[in-house]
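These notes open a run of structures that come right after.
Heads up, the next two complexes both have chain A, just with different partners, chain B and then chain C.
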Partner chain A sequence: MIKVYICLLLLLATRVAGAFEVFACEPEWGSLLKEIGGDAIQINVGTSALQDVHVIEAKPSLIAKVRRADLIVCSGADLEIGWLPQLVRQAGNPKVASGAGYFLASDQITTLEKPTSLDRSEGDIHAQGNPHFQLDPYRVLAIAKALAARLAQLDSAHAADYQNRLDDFSTRWQAATKTWETKAAPLKGRKVVVHHMSWIYLLQWLGMEQIGALEPKPGVPPTSGHLATLVDVTKSSHTLAILRAAYQDPKPGDWLAQQTGVPAVTLPFSVGGDDQAKDLFGLFDSTIDKLLAAAK
Partner chain B sequence: MNWQGLELSILGPACLAGLLVLSTHVPLGQQVLARGIIFIDLAIAQIAALGVILAQYFGMDEQGIGVEIAAGVAALAGGALLTWTDRRWPDYQEPLIGTLFVLAATGGLLLLANNPHGSEHLKDLLVGQILWVDLHRLIGVAGLSAVLLAVMWWRRAHLDGPLFYALFALAITASVQLVGVYLVFASLIIPALATAGIAGVRRLVVAYAIGAAGYIAGLVLSAVLDLPSGAMIVWTLAGCGIVARVLLSLRGRKRDVAAVGGMI
Partner chain C sequence: MTAAAAVLLSAPLISSAADDTALQALDARIRALEVEGQKLREQAAAALAAADAAHAELEKLKASMQDTRQAQATAAVSAPRENSTPNPGGANGNAFNPGIAVILNGDYAHHSLNPDSYVHTGFPNAAGSGPQGLSLGESEVSFAANIDDKFYGQFTLSYEDDNGKVGTSIEEAYIDTLTLPQGFGVRAGRFFSNIGYLNSHHAHTDNFVDRPLAYQAFLADQYGDDGAQVRWVAPLDLFLELGGEVFRGENFPTAGANHSGVGAHTLFAHAGGDVGSENSWLAGVSMLKASTTGADDGFSGDNTLYLADATWKWAPNGNTKDGGVTLRSEYFIDRRHGTYVAPADVAIDLTDPVLEQPWIGTRRGAYLESVYRINRSWDMGYRFDKLWAGAGNPFATGFDPVRHSVELTWRNSEFSFFRIQYSHDDPLRGSTDNALYLQYDVSLGAHGAHKF
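Let's look at the complex of A and B:
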């Protein structure tokens, strides 16, 4: 019996040692990797949808995962600036420190809200644009293509495998995108108030409009004057909802909802943010369903 | 269970950082406890953070040595202020320290209303993460700790007034950035508290042992259980302190019994 266990363990060890390992900073990229890599890669995800990816707690296992990785996949655009550089430095793994093993999704697309000038007084802005682009299906597809190419480059033995899976994913994704767009047609032109400035890609895709934010300057708590204007604007402009991500504190949104009668809606924001958002498809299904429910 | 993180190269630097912090904080903690000014470390750390925010407010570079100097100068100024209040109102030192703490913390918030990047620094200063320790900073802190320990040893009979507050301010400023405010508080107070009542060098030795055991156990447990290291170490430090206290009291009772037996 013990021999069997040892054999199993050895098998497991060689399997793990041989597999192409990828570390994903956020669950949406973990899900995308699963679509493209399938069984050919082993995926470790560093954060969950229920935490703020701007800041994370240091755990020894995180360093161990990055140390073993052949590729790391992160949003970039300074989203993980608070911890990714330290994590990579501490892991001391030259494969992922820079170059092909260091894949930033933001490098594969154009970002929105790229500031023309960097002014501290505008809040915690990202010099490379808004990094919360995972809720635009077109950008996700562009990232998927670049990611498949990168996987094929680094793990050429499975190159055909990655291409096939990408083709399959693209077909399903484009069909789903059409469905979502048809379904979300009634949302066009509707106005929302947001908690943090993390919805711009989703709103632009669906033709919706952001009329205010609870955090007027990202990362800075609101002043009473700002809240007073926000209450007025929210009340007077037939606002659909107050949007917040699953990880965010519900108090500010609930307060505004109470003041204005406009419902606060918690969207999953990333894979794992609610029960329905089990993968990228579920994430978009859930987001659109919840917005439509508010519009009814 | 998770055995991946259990690597010396991951936990080693963090452990070294912990031992460095302990080296100065164990003797300082006994002073803090004797004076009954438990929250002085929180106040000094918060004042150092305020110094950094102020430096950035006046346009100083975020990275670099300037910020370190600003933190150190602010902490020393805070130490000087506390020396003065200690002389002027010795009976009210603890409430004054508490007031200074909230003033520094909220002063930072007021200044930060227009400087959001300072908030990241404020967090870094207070929540410094032990696993992210930077080797360069470790070397700097090692040098500083050696100097502080030498001064403490040299003036061991007269470690009071301005000298105590200055040493304390510098030690805290360095250690808070390295391991965060929770660990600094725990490293100061728990070993000192667990060894209260023991005299002389023996107290120092036991306190160092508790501290080292707490850090090592905490790092190993955080790796195995896959939990944040800083918070885990605070709990293992407390655990080691309790175990040490129980062992000491058992030994003490045995000795009492032996002494009584000897008299009979």
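Let's look at the complex of A and C:
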């Protein structure tokens, strides 16, 4: 038995190290890595836009991905607290356990909705603020810059490549941001009801306003009693839409839509959340197009 | 101006010599006007070009202002420089306190057959399915933190009610290495062995109120001891971990801490992966080998326990907390070669074996459980348990215990659940225990990150 083990060990340990591997917790960071890393890196994305990233399990396949990674890129702000620490601890990969190989997007930006008091009776609140910041183009750009710097630091052979790709991305991203802002002008001041408190960055960027949430408290599933309290305010506020992410249960939003006549809109929320959201640009295109369609 | 010149030209002219001079003067004036017109046209074009240039400059300025605004907006949301290093905490001695997690668990059980009055046939030291009536289950407090750049530590104190011996005990107290290269990790201290599936999992993450019969029978619910572990994770697309442990060998199923207190060894291998985006699996084989003197069930000699475990999870889009099915099975083979000597403090001796006799034989156990997750709040499950007492076992009677259990769980959040379970258990020939359990289980403090 022991001999078999040793043989296996030697065989596997000699596996030649390949390309620079990056593990991305969420698809939006996978897409950003593709923009900045291009062919220089191999990207493994741990979750999909159809999954609730608050409650992913520390699956064996994810441990294997973290084991091989040279860098992990995650949202942070405790979004992945239920599974990422377990992946890192089980993978036995010191490169990504802490330090430069452990990149949290939330460390690169300022977050909104930092709670003033921490009490779980208020639901699943995040001490470091709201972690759903991928729908603010300015934060995405700030993260892109920090990510390019981190890639250059860890994989210095391709540093110039990362810088060039970042410059190219920044130019295209800033131009796209202008286009989105122009296009989304009619959305300014419009009110929405949200499923989970995951839209604050988008709404703040576009000058929109949230007037209610289907979840009575963050992370607590919608109840019929709570939904009933939203009917009047939704009806009377000239509400644009009831927003939910692609992974969320459509039933509570559909019920409120039926009661109020306000359309329920499913937004991609992350890359891969619908057919148009093939990358970060598509994610924003689709999000704004769907909001504008509701405004017509 | 051109129009004016044209008007002048087209005006009727009187043809006479006397008027020649006047005509010439007029001609000169027209020429002058034409030149002036050309000049004005050029001036107008220049003015237009200048206006165009000014306009372009303005556009450029506006664009650069927008760029500046974009850059400012980006800078405004970037983390300030001082945030990139953690707050040193100053004089606050609590700044580096470990994460504290508390698990509170309580049960009510009604058994139709008093749990104190029987053991499962062939398994005299089985942990049992908990006491009759109200009891505090496994309630524990655990502290965990990185010790320094190279080590992580965890300490778990648990409240236990072990056959009437009530008290707190150190359930786990170990350190892990953080920086060994190539996927290696070493753990030292007191910890639960990584054999099988459930053994390394804390009971509060189980799908049923009590452990499967095989765990109760072969490992007294969960095998842990003082020891050391080496574990290696392969750099593959597939998850593959290999490892081994050495233990003092004091806790059941081994005892006596033979070989100068290094009396038990384990080897384990686990592999796992995904099939598509909706299925995940984990499977393993493990072995626990020990040299035992005077175990709680009266055994002395060499014992080897082999375990095989398999877990399959399916969930729509991989959202296991919102739906889907978990299937899990483990199979135990326990080989013993030694003698039975009735323990001095034996409490129950239903079969009353001869006080001293050989114990050479193989026992087996298995369970299969299936849990259906209805939604974020509810799940329901069924578990089948079976034990085979085998031949050569002084407690065997030719009867093999069987149990069926069903459970229903309601979760208010990921931090609390309530469970009801019914079990139909045939521990002995001709005896049946119908048991109804109610359980609450909550966690407070640091947010736990659970294993698959």
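Operating definition for what follows: the second predicted complex is superposed on the first by the 272 of 296 C-alpha atoms of A that agree within 3 Å, B and C clash if a C-alpha of one lies under 4 Å from a C-alpha of the other, contacts with A are read in each partner's own complex, and residues count from 1 in each chain.
Keep this in mind: a residue touches a chain if its C-beta (ideal position, glycine included) is under 8 Å from a C-beta of that chain, and two chains touch if they have at least 3 such contacts.
Everything numeric in this text was worked out from a predicted model, so none of it was measured.
Superposition of the two complexes onto chain A shows a clash between chain B and chain C. Contacts of A:Q258 after superposition: neither chain B nor chain C is touched. Considering which of chain B and chain C touches more of chain A, the answer is C. Once the two complexes are overlaid on the shared chain, A:A58 sits against chain B and chain C alike. In the superposed model, A:Q153 makes contact with neither chain B nor chain C. In the superposition on chain A, contact of A:L50 is made with chain C only, not with chain B.
By the touch criterion defined above, A:G82 reaches both chain B and chain C. Of the two partner chains placed by superposition, only chain C is touched by A:T177; chain B is not.
In the superposition on chain A, contact of A:Q90 is made with both chain B and chain C. Of the two partner chains placed around the shared chain by superposition, neither chain B nor chain C is touched by A:T229. Common to the chain B-facing and chain C-facing surfaces of chain A are residues 55, 57-61, 63-64, 67-68, 82-83, 86, 89-90, 92, 120, 123-124, 219-220.
Residue ranges of chain C in contact with chain A, taken from their complex: 66-67, 70, 73-80, 83-84, 146, 149, 152, 176, 178-185, 231-242, 244, 267, 270-274, 277, 280-282, 287, 313, 317-322, 375-377, 413-415, 444, 447-452. Chain B meets chain A in the complex at residues 2, 4-7, 9-11, 13, 112-117, 119-120, 123, 129-132, 134, 219, 222-223, 226-231. Against chain C, the residues of chain A that register as touching in their complex are 1-2, 5, 8-9, 12-13, 15, 47-48, 50-52, 55, 57-61, 63-64, 67-68, 78, 81-86, 89-94, 97-98, 107-110, 120, 123-124, 136, 138-139, 141-142, 145-146, 174, 177-178, 219-221, 247, 249. Across the interface of their complex, chain B is touched by residues 55, 57-65, 67-68, 82-83, 86-87, 89-90, 92, 120-121, 123-124, 217-220, 223 of chain A.
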